[in-house]
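Each of the next two complexes has subunit A plus one more chain, namely subunit B in the first and subunit C in the second.
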Partner chain A sequence: MAAAVPLLHTRSYSLNLFGLISRIQELDRGLMNNDYHKATARRLEHEAPSPFSPTEDAILSAALAHVPTHGFTTTALTHGARDAGYLDISTNLFPTGAFSIVNFHLVTQRLALAKHASSLQPHADIATNIRSLALHRLHANKPIAHRWQEALALLSTARHIPTSLRELALLSDELLFLAGSTTVTSAWYTDRAALAAIYAGAELFMTQDRSKGFAETEEFLTRRLEEGEKVRGGLDMVGKWVGMQAGGLVDGLRSKGVWI
Partner chain B sequence: MSAPTLSRTSTRLTHRLLNPQPPYRCLSCCRYLAQSQEPANHSGPTPTTHFGFQTVPSSSKQSRVANVFTSVASSYDTMNDLMSLGTHRLWKDYFVRSINPGTRDCEEGKGKGQTILDIAGGTGDIAFRMLEHCTVVNKDHASKIIVSDINPDMLAEGKRRAREGGHDHSGRLSWLEANAENLHTISDNSIDLYTVAFGIRNFTSKALALREAFRVLKPGGVFACLEFSKVNNRLVEALYKRWSFGAIPLIGQLVAGDRESYQYLVESIERFPGQEELKGMIEEAGFLLPGGEEGKGWEDLMGGIACVHKGVKPLG
Partner chain C sequence: MNVAITSRSFFGQALHRPTPFLDFLLPSFTIPSSRTRYAPITSSSASPNTEPSPSSLKSFSSNKRRKPLSKTQREFLDRGLRVNQAGELAATLIYTHQTPPITRAHPHLRSLMHRMYFQEAGHFSTFNEMLAKHRIRPTAMYPVWSAAASVLGWGTGLMGREAAMACTEAVETEIGGHYNGQVRVLLGWVKEMEDKGEEVGEEVRELVSTLKRIRDEELEHLDEAVGEGAREAKPYELLNRVIRSGCKGAIWISERV
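What follows is the complex of A and B.
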């Protein structure tokens, strides 16, 4: 017993040294609390406050109206500034230039999803809700779909990648939350990552879609979501199997007198 | 004592007696004299400001700064290159490019071009770059630039450069000797873009100058300022302090023959408010800050050695 105590001590020390478990737990707790409360507050308020100032809002929404003709360019931004009663030089308000129009579109459309969520079927399952919400979000890209490649190009430049990824993560979180997902296990992460990948794929598909009313994009999204469900089911089973085997192993070792 | 030495000494003596040399003038003397002439009794509460590390009456800062720039005007470029190891050119290029002066479609006869006011731009460094940006990048041949400086020597240097660089044929440059705190010759709401590069530091009252900028700018007009600022990395800061307090006055002494002016320069940089404070002043003057939610309202260059601040005058 005297030997076991220092051993235990060393083990807990090494765990603390790497700080892995406690760090992950902390991170998990932090993320959960933070995002959960934010999202709840958002849902309760219904109208999320816009992160853009009235001036930015006026110029950027006017600029967005010029995107179908001028694309996601500084020209569209300049035209937007003029339409809002500002000068050409006033575009200095947006240090990221054309990217600010892309960001504006992403943020406003994400926030607009909450309104659509109230029209969802009350007792529909989560998968149906996710599909409906994701489709609604994709349809918001319709007027600028022929210019979306430019936006994707801007989103993937090194300077903007952190903003792009964060916005995609927020969108995925918003979709799952509004669909009614309440997971608190590790699936919280995998669900969000999978949905983000599926949505980004569908958006990319949409830029090449020439079908009427983007019917092919809709089919693409449906197929990907179904696959996602299948993979998730498979992974769940694999997880269960691994858990069973591990439990069995521990029990077996304990029966042999190993102190675990 | 041999005869030749004696005669040489006597010649030197007579020379000095017959042609009395003008009193040796340099900034260090001015500063020394000003200090010795300061009134002994501080009875009245005179408003003070800082001049480098010294606290001086507000009324005298203007003339002191004028002395500094009069004495450095001719060696301005060489000194800037040596002190900043050439990077001041990059900062100025970046500053102008990020502002993007000039209107795009004024060649079609739609626009009248912009009216740009370059404050403390005596040597034309920023003005020439903006002119070129308007013409070459935005194909704008109509925008006009008013170069303003408080110091006639700096303006003269700028005019000389404009002649040499072929910028003065366009008729788009005009020169104005004025104090940035009182631009009474410029009417309200008449300027599209107000720039001040490495100048705001020397203003006696920054708040007054900012208010004046707000007045002359059109609604939607832009205030842009390039200035030294606070370095945000401790290690870089240590190296930077070493360089600015150790090397710069020495370079000034060796190259421009004027240590005191450059001592003032580094002290004034040290005393200048940091990013956060200047941002607050710009906001207080009524400007909208760029960047929105994530933006800080300024942009650091080289880790904060220099910094670009911008503000947009709101409508109505």
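What follows is the complex of A and C.
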């Protein structure tokens, strides 16, 4: 830490806000190593409990197995209840009906990402990790990809939109956290928004993808992520340039004796 | 003649070292000190003696806490640590922009400004780490606070040494009070855990001691600023009021967004 701090201070005698912020980002990137972000690190002394009760879990996972044949419908839910050894009436546990299968799939697959994260390369950069994790998450949709349009339809109905957006935000946050991102500036928000948009785009593309092993979806995702990096890099450069110019101007005026 | 000498030496003494009871002979241009209202927290850089320091804070068992923190406790920490990070960001920027004009006019303040800056930068990176580790989002007002803090630092820096120190005093008073509140709540949790016979987790213990250390350093800055003449700033009352209400507002907003 002591070695990193002077970095922040080298040219602090100016008003270069953008430069300072990007230097702060460099600083906290440098400070944090990957060990810090083992998948085990959760919120402060708190292990997330499973969001589903054992009964719900049994019925919904059995229902998910019927989705490839029956789609995201109440029929699949009823079949699931029967398979799990419950009466047909027990589908009343799920007031949102077929949507509860979609939600179950999203939540369980999001939580399952943590397991995959431990198999990531230990010193890979964040962009590689994000790509690997996002691909892993997309591959989890493989068995039900031909039915996923139904799920998207359910997700975009007015009463479910808050849940879907929240779930997308949580997924984006999970991907970035597991990939080892430690940004805690305003880029925290832009990173998450950009990744959510890219992931949602790739998921939509996947529903139309007829290539073998969804190779085209993979390419699509890679291209979008690269573009995102380019845009971010470009904006960073512009910010740095503006910061340098402003700092230079202020320093120049000071050297001429202007009292600023 | 004898009388003349005595009277001259008497007046000489009276003029050079005015004794309190002769004060009324001199015209007073300054506001009597009793009428100036100072900030309510006059601190000492040491932790107050009355602060409880439970024995479990000193035990070094590295046991993990078994029972998770409750939802309200986690929400409190989310909000608290977010505000702390925003506060340290602002402090770093204030000192960054105050330093050039201040050190040019008063080179003897260079070491003080640099020491305060480095301490704030250390606090800032501590809270950055905490936020990343515990997955707490930073405040959405980040760019706004950055701009506001830069303008505040630069502005008070240009107004001169006293104004800059008054700014430090006002900011550190608010932030010191804020940290004090957090430490108080955390110590309350520790006491509750002890009463129930639960293990106080490593992380809570560490958090309390970090917050105490940072709080003490902030209050040191407050003392130093007062020592450097913060209260001689010209519109002292105005500066103090405006900056402190600004801080309060920023804390209130950062807790929420």
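In this section, the second predicted complex is superposed on the first by the 193 of 260 C-alpha atoms of A that agree within 3 Å, B and C clash if a C-alpha of one lies under 4 Å from a C-alpha of the other, contacts with A are read in each partner's own complex, and residues count from 1 in each chain.
Going forward, a contact is a pair of C-beta atoms (placed from the backbone, for glycine too) under 8 Å apart; a residue touches a chain by one contact, two chains touch by 3 or more.
Here the structure is a predicted model, which is why all the values come from computation and not from measurement.
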- Quick one: classify A:D173 as touching subunit B (first), subunit C (second), both or neither. second
- Message: Per the contact definition in the header, classify A:T75: touching subunit B only (first), subunit C only (second), both, or neither.
- Response: first
- Message: So in the superposed three-chain picture, is A:G85 touching just subunit B, just subunit C, both, or none of them (first/second/both/neither)?
- Response: first
- What is the contact status of A:W188 with respect to subunit B (first) and subunit C (second): first, second, both, or neither? second
- Applying the touch criterion given at the start, work out whether A:T55 contacts subunit B, subunit C, both or neither, answering first, second, both or neither. first
- Item | Comparing the two partners subunit B and subunit C, which touches a greater set of residues in subunit A | C
- First, second, both or neither for A:F205, with subunit B first and subunit C second: neither
- Item | Sites on subunit A touched by subunit B in the complex | 51-53, 55-56, 74-75, 78, 81, 85-95, 100, 163
- Task: Flag every residue of subunit B that touches subunit A in the complex, lowest number first.
- Result: 98-101, 103-104, 111, 114, 192-193, 218-222, 224, 288, 290-295, 299, 310, 312, 314-315
- Message: Give the list of subunit A residues in touch with subunit C in this complex.
- Response: 1, 4-5, 8-9, 12-15, 17, 20-21, 24, 27-28, 31-32, 36-37, 41-47, 173, 177, 182-186, 188-189, 254, 259-260
- Query: Quick one: in the complex, what on subunit C touches subunit A?
  - Reply: 64-65, 68-69, 74, 77, 85, 93, 96-97, 99-101, 117-118, 121-122, 124-125, 128-129, 131-135, 137-138, 140, 142-143, 146-147, 150, 154, 158, 201, 203-204
